[in-house]
Amino acid sequence: MARFLTADTALLAVGGMHAHNNPMALVREVVRQGRRVRRLLTSPCAALNADLLLTAGLVDEIVTSYVGFEHLGLAPGFRRAVEGHTVRLLECDEAALTHGLYAGAAGLPFIPLPPGLEVSDVPGINPDAYRPVRDPFGDRTVVAVPPLRPDLAFVHALEADAAGNAVFGGAAFTDRLMALAARRVVVQVERVVPGERIAVHPAGTTIPGFLVQAVVEAPGGCHPTASHGAYAADEDHLREYLALAREPEGAATYLRRYVTGGSEDQYRRTVAAPAGAFGAEVGR
Amino acid sequence: MTAGATVTAPGSGEPRPWTPGELMAAELSRHLHDGEVAVMGTAAAVPQAACRLAQLTHAPDFWYVAGGTCGVNPHLAPLGSSCCDVGLLRADTALTLPDVVMLEGRGDVFDIFFAGGLQIDAYGNCNLAAVGPWQQPTLRGPGGVGLPFLARVRRVLLYTMSHTPRTFVERVDFRSGPGFLGGPAEWAAAALTGGGPQLVVTPLCTMAFDPVSLRMGLRSLHPGVDLDQVRHRTGFELWVPDPLPVTPPPSAEELTVLRQLDPRGILGGL
Amino acid sequence: MARFLTADTALLAVGGMHAHNNPMALVREVVRQGRRVRRLLTSPCAALNADLLLTAGLVDEIVTSYVGFEHLGLAPGFRRAVEGHTVRLLECDEAALTHGLYAGAAGLPFIPLPPGLEVSDVPGINPDAYRPVRDPFGDRTVVAVPPLRPDLAFVHALEADAAGNAVFGGAAFTDRLMALAARRVVVQVERVVPGERIAVHPAGTTIPGFLVQAVVEAPGGCHPTASHGAYAADEDHLREYLALAREPEGAATYLRRYVTGGSEDQYRRTVAAPAGAFGAEVGR
Amino acid sequence: MTAGATVTAPGSGEPRPWTPGELMAAELSRHLHDGEVAVMGTAAAVPQAACRLAQLTHAPDFWYVAGGTCGVNPHLAPLGSSCCDVGLLRADTALTLPDVVMLEGRGDVFDIFFAGGLQIDAYGNCNLAAVGPWQQPTLRGPGGVGLPFLARVRRVLLYTMSHTPRTFVERVDFRSGPGFLGGPAEWAAAALTGGGPQLVVTPLCTMAFDPVSLRMGLRSLHPGVDLDQVRHRTGFELWVPDPLPVTPPPSAEELTVLRQLDPRGILGGL
């Protein structure tokens, strides 16, 4: 972790969407090591990947369009940090995040958004990111957003080979695009497999190894979120988190009990494995 | 509200009354038509069920994309709670999330966007960001994700499980997704390509928008709901048609299909 | 064809890259019907898909970054039309085409290119497409290109179901993006298959049917170009084309012998099938 | 040129001399290093073979992307003529073409871009568009595809099978892909992020660029080629180092690997 999340990491991106494919083994390790995140970038819908870092008080700024737990409720760490002004929220919409990652991956200096999106209140509260630009092909002003170039991205994939070629087990959400846009990528996988197994996957479902700095084999590493192709979300555990993290003492209890009180290996053996995070394949 | 039509639970012989979630799915499905393409986002069990129900009954050539996972016409085998379930790839085909974000911006692909919010106002604007001032929120919501794309879709269908004065407010504190903005003047000036909100379905009633004032009013009361109850639980003045119809309850066929899609009873638990 | 390539089709896009996945059955039908193409858009590397239309003299304007036959030689129709000024060439680079299609699919008003691309001579000879724009996030001017929104796209896929859901048999090149950007899409396939067969393909390899106006079952329909997953290019036939099309009389001979002299069914039976365009599966 | 080293053809016992295409692939491969990532486009049999040869000999951790089909580290089982062959998906993994176009723009992903042209000039600029004025070409070429991306790559390796005064010209008629532009002043003013051209390999020789003048000159003559022959077939003055080395011919190991990759003899037919 020290090798990747260095002091000059200005922008850390965490993959996963809602309670799916959150790279929690990597995120928990950030919390265990108490590393500050200067600016955190999420997929259009973050969940525990961002909220645990916020609950631990490690985030200075967050770029996101959503942090929550969907049908399970609001995000306690995000709420407390934003309402208490302990994090700076750089709120975006999904278009700014997705097209911004495209611009980042493609080296575009900026990217304009479709006309009409400027009538939401989002651009007004984030004028650093949403700026007017003259459309050189039409007599109008449109709104543009900057490229998103994470210094480091944490992404979960189902499998990777020793060279870092990784494959998704279900939806890739914006995680694949995040990997294409980031300067360095650490991929957390359920298992490292022989290269022949990766080679059969079609274009559009893989991350090529030349973009990947490190592969971390972390079976059950998405727990309590789902790992597409491996296991479903552990909603009981997520509910326990939501209940505890609502209050500062409960949040401290959760962190001690599940994160800082032991290693990721211990978490794997005592929390993830009993919850069934290995074995059962779900999905197509 | 009281539950109306019943269906016999398979293998039990006991009739089970319909639930608000099932009624809402059935009601929404009736507004979906062959050839249309719908998209939806977070916490979308009700619209997913509505879409699949429409496909399996009156609109076999209706299309829907479950944003998040981005399955196209997911088979809901079975219906799940999260828009990112891997099971949504059990579908006719699939897109990627960046594809769907692209196509939402194209503005001529998706006919329908299902949306909701912590707050929904009299002009159909939605707020998922913050109750109170954005800078000093009394309640920080999760955020609006793709709701700004409501500006570019042919019609917006709103739904919420929460029909309260806190949800239905005269004016949202923050506009995550546009409805008819501040009303006719602002709406006309914005000259958006989208058609704006069309329908609002809650556990109490179905609401629509007046074509002139662009304000929300009643379209029908759900069975067993009375007008005062709705007025009491809505934070602004609703227009009321005369006569005021009752929303048809789910038919036996609709309920049978919904319960086949939803053996876990997710719609019942909402 | 009359239903799709209508008089108001301002921009027709043809899929396929080099001599692979060219939707030749559709292109030949355009030639048989003698329909004019007001503006033709190609993938970054066009081959017979564009050159046959140029040889037939049916194209007013062409937007492309390459028309040629790779290791087999230059494009005779393209050469004659450009050197003889019978077509207006709107030359672009690969970035303008690919990012332009992205902008078209995404409803972006325009899209800026990575800094540095402006030092090629391409922007200078196509000032309608390459325009300066102020970067709102930096003190500099960059170059932007317009969105590409084909009115109609002809794309080849391996298979589709009756609802129009189509799947690629190998590389999708820019064809998938072209289908996402086009107002109407006609997909030519080797075979129509039951929907269950399409449903197993992952995201990123398919075109959803709601974007598809028509599926044309045309076995061997890419001949003499390759169809990924079905057959290789017929290089003998391509060489015959290149030899004949070099001179106007030869070009007329080719068109009569292989296109206008008979129906696509006849072509299929007498030219494509004997060349082995059915049966042998190649590739992964 | 005369062919030098030989290898025994499998099963025949007859030694076969190396061909210019094989020498060029071997020569290019020596300039590819572990950890680097290369991309290439149209008609790329020579650089594909060079890349795979490097992986199978001195640079197992070298990466290459065969643009067009966009296989990553294609196994060349076997080498083909077209950059869009479906067989290039027999590879370690694969990207899509839009992915590769994106990453070419990022500017810090690809270390090497293999390129060529109808014309290549003294500063390494390439032209695939038009011989003569663009508006009134005497020869209309196919077009430059992704050559403008040469501005954003760490080093450009040029190759061509045609070493003639028509190909090697003082100044290209059209700049499809940038080399060192008009020379030191223009190159410095452009402040490109890319490193410019580094090497030019032809059937006759290997050329490089002077770090001060940025002009092309000789690095080595291929075996059996003499200096006058190269001067005669180059349309501008080449600088010549003293002493002028001879390019090492393909080693027996290199030839064995190349012929395993290329059983159809594509490199021999160039």
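For reference, chains read A, B, C and D in written order, and residue numbers begin at 1 within each chain.
To be clear about the criterion, contacts are C-beta pairs under 8 Å (C-beta built on N, C-alpha and C of every residue); 3 or more make two chains touch, one makes a residue touch a chain.
These figures come from a predicted structure and were not determined experimentally.
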Relative to chain B, largest Cα-centroid distance belongs to chain D
If you tally contacting C-beta pairs, which comes out ahead, A-B or B-C? Let me know. A-B
Between chain B and chain C, what distance separates the C-alpha centroids? Give it in angstrom. 40
Between chain A and chain B, the Cα-mean centres are separated in Å by 28
Calculate how many whole Å lie between the centre of chain A and the centre of chain C, each centre taken as the average of the chain's C-alpha atoms. 37
Approximately how many whole Å separate the CA-defined centres of chain B and chain D? 58
Set of chain C residues in contact with two or more other chains: 99, 102, 106-108, 113-115, 171-172, 202-204, 284
Would you mind listing the residues of chain D that make contact with two or more other chains? 70, 89-90, 96, 101, 105-107, 152
Graph class of chain-chain contacts, one of line, ring, star, complete, other: other
Looking at the whole structure, which two-chain pairs count as touching? A-B, A-C, A-D, B-C, C-D
Inside the complex, what are the residues of chain D that reach chain A? 37, 61, 63, 65, 70, 72, 89-96, 99, 101-103, 105-109, 152
Complex interface listing, chain C residues touching chain B: 102, 104-108, 161, 163, 165, 167, 180-181, 183, 195, 198-199, 201-204, 206, 208-211
Please give the residue numbers of chain A that touch chain C in the complex, ascending. 99, 102, 106-115, 131-138, 140, 142, 144, 146, 171-172, 200, 202-205, 284
Which residues of chain A touch chain B in their complex? 17-20, 44-45, 64-68, 70-71, 74-75, 78-79, 82-83, 91, 93-95, 98-99, 102, 113-117, 119-122, 125, 169-174, 176-177, 204, 226, 228-229, 233, 282-284
Going by the contact rule set out above, which residues of chain B touch chain A in the complex? 42-43, 45, 68-70, 81-90, 96-98, 101, 104-107, 128-129, 134-135, 137-149, 151-152, 174-178, 181, 190, 192-194
